[in-house]
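By written order: A, B, C and D. Residues from 1 in each chain.
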Amino acid sequence: MTTNRLEAFSDGVMAIIITIMVLELKIPDEQTWASLIPLIPKFSSYLFSFIYVGIYWNNHHHLFQAIEKVNGKILWANLHLLFWLSLLPFATAWLGEHSLNNRPPAFLYGCILLMCAISYALLEKFAIQHEGATSKIARAIKSNLKEKISILLYLSGILCSLIYPYLSLVLYYTVTILWLVPDRRIEKQHQP
Amino acid sequence: MTTNRLEAFSDGVMAIIITIMVLELKIPDEQTWASLIPLIPKFSSYLFSFIYVGIYWNNHHHLFQAIEKVNGKILWANLHLLFWLSLLPFATAWLGEHSLNNRPPAFLYGCILLMCAISYALLEKFAIQHEGATSKIARAIKSNLKEKISILLYLSGILCSLIYPYLSLVLYYTVTILWLVPDRRIEKQHQP
Amino acid sequence: MTTNRLEAFSDGVMAIIITIMVLELKIPDEQTWASLIPLIPKFSSYLFSFIYVGIYWNNHHHLFQAIEKVNGKILWANLHLLFWLSLLPFATAWLGEHSLNNRPPAFLYGCILLMCAISYALLEKFAIQHEGATSKIARAIKSNLKEKISILLYLSGILCSLIYPYLSLVLYYTVTILWLVPDRRIEKQHQP
Amino acid sequence: MTTNRLEAFSDGVMAIIITIMVLELKIPDEQTWASLIPLIPKFSSYLFSFIYVGIYWNNHHHLFQAIEKVNGKILWANLHLLFWLSLLPFATAWLGEHSLNNRPPAFLYGCILLMCAISYALLEKFAIQHEGATSKIARAIKSNLKEKISILLYLSGILCSLIYPYLSLVLYYTVTILWLVPDRRIEKQHQP
């Protein structure tokens, strides 16, 4: 099976996820400057999650540039990733509901970010398995150090959220910066 | 006519269906752990329906891998399937509204699952008709035993929902497991 | 310019339109049979509009099978059609709000259907203009009798809605049946 | 990397943005003519923003007709554009909330339009950088006078909104008319 439809479906789901988060920015009843202030935490969490989904789309794009065929296992690993990404709008909206400095939402947000990272790592693993050890993708992703650091940072953030929620957001944010640079490992492989 | 646009449109509709179900997970007013508890039935029904739409997308993907051209009849059979799938978010949300153990929502949920199964079987039938008895798709789907067992299980579940709603959910869930394995019949045909 | 992206964008918009209409089926507060009854008009108007958007998608699909290149004028004619289609969910939901037998919603619904029909006819006209009189599409759409009858039926329905709203719905419905058969004119041209 | 997925993802996001704005047209509780009147400002702002997103889609389409390959920088410049476009439904709905003649919404609306214009100009710039000075796209977009005039008009409109909100809308609208004609610079280059 070719990767066309898997990419198209994932593009669709990620496009919807990235866009429905903005629906949580409820329009204020009044048309005054002051009525925008309570929206600041919601807007911050939206901005952060937009970047987050953007990173996943970017890496997904890079990953499937290097994959030529898929099997049932990869289809399900991809749906598994999309499932966790689909919970991001909920976690984002809850995080931004009143204050960013509350333990339960910061904890839940971290858990969902962690599950996204794990499911992405699984997808990568199955893809390498299916393509073979000498494939383009296997050569591109020799080390998954970045994935391991991310998972470690998420775990620290989740623990941290039980004491200092703000600090946990800083840890989650660090992962974002780590990944904002797209996956050069694959991009390099494309240039002969 | 080629299958490109039918696949793209179906991908779009299924991507939206799978994503809007998550909108039913309303954000709790408070940022406490306790406020998440009432969401458990909603989350369970979301998880179940996500898997469900995932299975349909998967099988749809497999089916159209083996189909080369479509006619008006197949276009409408496909829209018929999408119609019943589009009612799944409603049935899912109603099922998860208060308790999973209520008769009317379990009955309705089963009916919609049944109609999805029937419309998928029809789509398969029209595709085989159009491609011809010696086509790739006709050889791949020689027996539709799995489809028949599913429909039987749904009917049992629907009857059952009028007495023991929880048991009916178990029956519906059995069908899911039956299909979680993608349609190997078609995958095999692709390997020479 | 090729037609790929115009088709993909239109597929996306139509997929969303067809799916967001179902969001208007608000989940009843109670999990009883009786609570489904007030949803009957909403469900009827949803069913009708689903078929309606399905017809447009179908004809759009057929039309662009026969078109090979597009210009700026066709892009805007297509966006014009999508604009009127995008108002269909609003008109549908209003029609199904309380009773199907009220004048203003039946009138508005008819106007939007009429504008969709007119904008589709314009799109067809510009496409023929651009492709040339000897093109596949020009030969396929020699007569636009069906388009003219539809517009006439809509106009009658709109007038009628001011006196007998139910009757106007019957007239709108007649057009649906007229178009449910996909555009054989183009399909025939594809078979040599 | 080819441009296929970037185009598909952008099509998806823009299709959703253009469609969710219509969800802000809340269905009136009553089925009377009078109940439609309060919707007039909402409808006006929807119409305006539909045209606006339509223009961006159109120009995006023209731009990527002339681009053959993308890098990570262009992917992010594109996501940056989509971010600002995704805030348009919020700004549109707020503008149409009560009256079009209020300062804060007119100011915010202008700022978002300005950021869209700036991010589009950046995308264009990075594309030209990546394709090279002798590329199709570089020859097509020799002058970016139109972009500069637009940004100037937005800035004037934003300042103006603090005194005469209605006048600022006129200025924003002028930009729309300026761009309604698709980017002939690129279209010309396609004809040898």
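Throughout what follows, a contact is a pair of C-beta atoms (placed from the backbone, for glycine too) under 8 Å apart; a residue touches a chain by one contact, two chains touch by 3 or more.
These numbers come from a predicted model, not from an experiment.
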item	value
Most distant chain from chain B by Cα centroid	D
Chain copies touching (chain B, chain C) - same or different residues, decided at half shared	different
Rounded Å distance, chain B centre to chain D centre (Cα mean)	37
Interchain centroid distance [CA atoms averaged], chain C/chain D, Å	26
Two or more partner chains touched - positions in chain D	8, 12, 15-16, 20, 23
Residues of chain D touching chain C in the complex	7-8, 11-12, 14-16, 18-20, 22-23, 25, 27-29, 31-33, 35-36, 47, 50, 54, 57-58, 61-62, 64-65, 180-182, 184, 187, 190
Chain A - residues contacting chain B, complex	1, 5-6, 8-9, 12-13, 15-17, 20, 23-24, 71-72, 75-76, 79, 82-83, 86-87, 89-90, 93-94, 97-99, 102, 104-105, 108
